[in-house]
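Here's the structure, in structure tokens; my notes come after.
Labels A, B, C, D and E are assigned to the chains in the order they are written; within every chain, residues are numbered from 1.
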Amino acid sequence: MTVSWPTIEWTWAPLVLLSLAAGVIIAGDLFVRATRPALWMQLGLLGLLAAGAAVVLQIPPNASAFNQAVQYDGFGRSGVLVLLAGGCLIALISQRPVGREELPAAEYFALLLLAVLGLVVLSISFELMAIFLSVEMVSVGVYVLAGVRRGDTRGSEAAMKYFVLAAFSAGFLVLGLAFLYGGAEGSTLLGRIALAAHRPATPFSLGCILAGYALTLAGFAFKLTLVPFHLYAADVFDGAPTPVAAFLAVLSKAAGVIALIHILSPLRVVDNDALQSALMQDFTGLLWIFAALGIVVGNAAALVQRRIKRMLAYSTIAHSGYLLIGVLVFLEGSVRGAEVETAILVYLTAYVLMNAGAFGVAAALGPAGEGEIEDYAGLARRSPALALAMTIALLSLTGIPATAGFVGKLTLFARAVEADHIALVVLAVLGSAVSAYYYLRVVVYMYMRDSAPETSGAEADPVPLEFGHKIGLIFSTAATVFFGIFPQTLLFLLKIL
Amino acid sequence: MRLLSLQYAFYAFLATLAILSAAYVAFSRKTVYAVLALVVAMLSLAGIFLLIQSPFAALIQVFVYAGAILVLFLYVIMLLNPRQADVTIRSVFENRGPFLAAAGVFVAGFFFLTAKWLLTVYTVERFQFEEFSLIEVASRLLTDYLLPFELTSILLLMAIIGAVLIAKRN
Amino acid sequence: MLLVELIKGFSVTLRHMFRRRVTVQYPEQRRRDAPIFRGRHRLQRYADGLERCVGCALCASVCPSEAIYLEAAENDPTNPVSPGERYAKVYQIHLLRCIYCGFCEEACPEDAIVMGPEYELAADARAKCVISKKDMLTPREAGFGDYETFPAPRIG
Amino acid sequence: MDPVFFPANLLLSLVIFSLGVMGVLWQRNALSVFMSIELMLNAGNLALISFAQRFGDSAGAGLVLFIMTVAAAEAGVGLAIFIRLYRQRNTIELDKAHELQG
Amino acid sequence: MNEFLLDTLIIVIKIGVVFGLVIGSVPVLVLAERKVLGWMQVRPGPNRVGPWGLLQTLVDGAKVFFKENIIPDGVEPLTYRLAPLLVILPVLIAASVIPFGPPVKIAGREIPLAIADFDLSLLFFFAVATLSVYGIVLAGWSSNNKWSLMGGLRSSAQMFSYEITLSLSIVGILLTSGTFRLTAIVGQQSGGFWHWNVFLQPLGFVLFLLAAIAEVNRTPFDLPEAESELTGGFHTEYSGMRFVMFYMSEYSSVFVMSSLIATLFFGGYNPPFPYTFGTSWFDGAIGLFWLLAKIGALVFFFIWLRGTLPRLRYDELMMLGWKILFPLAFLNLIFTAILVALNWPGWLLGLVGAGALVLTDLVVSQILWRRRRAAG
């Protein structure tokens, strides 16, 4: 029996580096007696940065491996960088909660790294099985991390809710995968599926592909918290530790959008095949409805929330509605694909940065920052820096000019206008206007209300912060502002990296 | 020809068994019996795998699902005081407003459509069939599907860490 | 080393397999009891054949499990059963209740009741476990009776 | 494989899948819900194997193995979550887990 | 048509032989166990009924057969009745893949001496054999008795802890032999005892043996029934014929598991020294004899073990399974894979395995010794 060794490829490097870092953390925990959250976080950061460096330095755009199963196309490659940067930010803002609440630090950061690994695979994989498995990796990571607080019933409950719904959506994904596999006549490669979608061998295989796509979309709708598959989001965000909620809100959604673009790309109308475009219309219609529902329901529900994390949860539902506009435009193919992809990337970058800021401040405040919005009263006096960071993040989430959020929305909506989705854009702008109310309410509380008299004594001191947490907040805030003022730098960075 | 009709009879039997036991799993209140029904469903699906000449999948189905996963289920059910776990029927989402009802309708309609699509476009045709050797399967797993294969190891690692982390008392 | 110790343990059991069996094939073979062994009760006689028991019922009152039933009767002076005024007309011991504590033996002022060497007390009916005077009394012809040669009980 | 089995398998898989979906919506005991989800995964397996045999893809059985791995991983973590929740609350009924509804 | 009937007849005969062997082994095994345990405890064992007590188990069986089948209050009636069946059926089905002799040529047709001989027979064995745990768990659960329930719980926990080792430890054999087919694995071990897998996979053999003992719930891993703690565990509430079925399943699974061990590691029906009589059916009979002899030796080992070692505590059982056996099985798999890939000769493989065995033994005893000293 002869064994042929697989050739070592640089395309593996980020994956290997991430899992290596996670392995070192887990193994290290066995040998280090005391819990060392800072050490594990630094190791995790090292892994993330090394993976990022490997992507930037060693993997050229459009590198591919495994018979096109793994492709670093421009979109996915930049997406990986955004995700890794987001992973760094979340690792940084995890430091305070993990340290203060004495969470099992090594396991926490190892699982975070592995979940990020799942995200990376999700955004570079062009093979359904790997996509499915990486979705599962993210899910497993998230529901363990959501329930990581010992003795916290809210955390356990969040974990269970997310678990049940993630497993439910996995069921859809599996059947969808099976049908896509059947439609491509026995292949899980997206390339083959695209071939089958455009030149179906039989009407039957086209039917399989359509059924498969519908099921896969249903499965992804859970991950992207699309209405009406969004109901778990607020509960899970509220119950999970704040950095985990940030991971779920930001990174898994970003990777989900990237993967969705990849998965749906076979359906993209490239030639004006009549049959083709007729079939695509169903899907674009479905996406239209998802986007519109997301914007309306997300913003409406966020208005009435009293708890900060629930508000942020519904706001992310609205944001996934905005993102879906981009997916829809991409799918229709009337605008050049690369431009839409760039717009989505810009939006995702802004989204990662501003949400990392908002969740980071909430995490920094600890229990006081994770509860009611009223608890933010008087924050500007206690800790002006945190209040400023929160303000900038929220302004950016609203889409006020001179922030990254504005740039993201502008580029995205511009593409939508190009593709004649005026109605959706109007809806989205209206939604953003409404969102100003609930975002700015927090700002109002921070700057214009005094904290309740009984809490002013002990909590009037400025919030102490770990160095790493500070770095994370400073970086995300500064980048939000910087990219808002100089949007060209962001485009430039996306191009050269 | 006689052998073939025997196969049809087997298939019909197994499929009926699978559907009935699946229905029991979906609607029964008694969790222990539901696990048993699930075992029956898995075994009959394994039988169907055998009928369509995929013995490896069939055996793995029995080994992994019936032999390991469902034993775990049974274990947990017994650990959690099984007689209390038998509860009255009420929908999970009953008090969750109309959205999930809409989702249910969406799902149901979707299945209807899918079945319709598939059945209208499918035409019965003869096709070549070969039973694959295990070595062939394995070599595909380690070449074309190497990435997912490696991912499963990481996934299992995560599951182990996670299960220990969640279930252990201080 | 664990393996060595395991092998040691296994060799012990293996060696024992070929040892001479220590089992006594009971009904056919019997071991000599210890002389000190105390089993079922017996009632003693004087050398002249009179029963020692005078029916005072101290044994019955001292019995912790109330296993002894005793009915006394006046002696016929012409033909006395016991040297005292009275004798035990009915003397029954419920062996399923008896705990063989020997208090009766201690309490007896006449040394009439003693614990004997008998131990084969199995029976196939409860009623058979209630023994009476004629089961316990040393036969007249045996005279004073020898502890070792007392006849086997009539149980079962 | 007889060609008749193929559409029958697809139908069977759809039926079992929808039974699973209905079970998830219907049951309120978390374990029963999870079992219904297992039904859904199995329906996927069945479809996958049928397609693999239909189109002569040798990797079919291997793909099923992946899905089973996922099911095993989820079962491990999920049941751990259930046990923990049961310890904290003494119930695993989904409706009773409502501290978070606000 | 004639052909079809003949095939059916052959299969029926084979089924009869194998099931007869498995079921017939039960009274023999019970008697052997009582006798050998007796000898080890320096007593003769049963010797009343028949010459040397040979008929003891038959008499016992007859007695139990006529006993009342009690169904206690509060049991789950369906599962209570089903459980004994569920315990014994998988064992019988699993036995169908064990080759009990070399292929026999009779009247020009070659007949493999196994009920079922197909590519994945080993996997089939494991897939089916694992199902017997349902019977035990359900028996424990449906009895409405907390000790029984604990027995059932322990059984399931023990099952999936040792299952992993059980299946991982044979992967070494799969790597060296390159097939799942039991007849092929046996065939590769022909030609003298030095070809047996036990010399190729010493570590794998030890691991498999330990896991197999746990799998059939024998001492020192008989925690599900643990009479001293659980008053009999899962079968406490059973009586009469149903109890006999649990008993039968225990002994027949010992027999079947021994036959699998003999097949995998001791050359199955192959004689220890290569010879052949040329007459096909006679070779078949000799093969059966050798297989039975090996099974007998293994069964003796099982009994010997019971006579020697006390039962493990539950946490010790889990520790052994997860912290020692599982990593070792993994290690075995890895070095076997590497050596097979490097094409090293078999004896070297065996040497490395034996070395690893001794090494882990040293390490483990060192750790245990330290722990004991630390505990004082």
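Heads up, the rule we're going with is that contacts are C-beta pairs under 8 Å (C-beta built on N, C-alpha and C of every residue); 3 or more make two chains touch, one makes a residue touch a chain.
Owing to the predicted nature of the structure, the values given are computational and were not obtained by experimental measurement.
Student: Please indicate which chain is farthest from chain D, where distance is taken between mean Cα coordinates of the chains.
Tutor: Farthest by centroid: C.
Student: When contacts are scored as defined above, which chain pair ends up with more C-beta pairs, A-D or C-E?
Tutor: Result of the comparison of A-D and C-E: A-D.
Student: Could you find the chain whose CA centre sits the greatest distance from that of chain B?
Tutor: C
Student: Could you give the separation in Å between the centres of chain A and chain C, each centre being the mean of its C-alpha atoms?
Tutor: Comparing mean C-alpha positions, chain C is 89 Å from chain A.
Student: Indicate the whole-number Å distance between the mean C-alpha point of chain B and the mean C-alpha point of chain C.
Tutor: A distance of 71 Å separates the two centres.
Student: Calculate how many whole Å lie between the centre of chain B and the centre of chain D, each centre taken as the average of the chain's C-alpha atoms.
Tutor: Distance between chain centres: 5 Å.
Student: Multi-chain contacts only, two chains or more: what residues does chain A have there?
Tutor: Residues 129, 132-133, 136, 140, 143-144, 147, 159, 208.
Student: For chain B, which residues are shared contacts with two or more other chains?
Tutor: Correct list: 56, 60, 68, 72, 79, 100, 107, 114, 118, 122, 144-145, 148, 152, 155, 158-159, 162, 166.
Student: Can you pull out the residues of chain E that are in contact with at least two other chains?
Tutor: 178
Student: Mind pulling up the chain D residues that touch chain A in the complex?
Tutor: 13, 17, 20-21, 24, 30, 33-34, 37, 40-41, 43-45, 47-48, 50-52, 54-57, 60, 63, 66-67, 70, 73-74, 77-78, 81-82, 84-85, 88-89, 94, 97, 99-102
Student: Could you please specify the touching residues of chain E with respect to chain B in the complex?
Tutor: Listed in rising order, the residues of chain E that touch chain B are 76, 79, 118-120, 123-124, 126-128, 130-131, 133-134, 137-138, 140-141, 149, 152-153, 156-157, 159-160, 163, 178, 180.
Student: Write out the stretch or stretches of chain A touching chain B in their complex.
Tutor: 6, 15, 19, 26, 66-67, 69-70, 104, 107, 110-111, 114-115, 117-118, 121, 125, 127, 129-130, 132-134, 136-137, 140-141, 143-144, 147-148, 150, 159, 202-204, 206-208, 210-211, 214-215, 218, 227-229, 231
Student: Of all residues in chain B, which touch chain D in the complex?
Tutor: Contact set of chain B toward chain D: 4, 7-8, 11, 15, 18-19, 22-23, 25-29, 31, 34-35, 38, 41-42, 45, 48-49, 51-54, 56-57, 60-61, 64-65, 68-69, 72-73, 76-77, 79-80, 85, 87, 89-95, 100, 104, 107-108, 111, 114-115, 118-119, 122, 124-130, 132, 136-138, 140-141, 144-145, 148-149, 152, 155-156, 158-160, 162-164, 166-167.
Student: Please give the residue numbers of chain D that touch chain B in the complex, ascending.
Tutor: 1-12, 14-29, 31-36, 38-39, 42, 45-46, 49-50, 52-54, 56, 58-66, 68-77, 79-84, 86, 92-95
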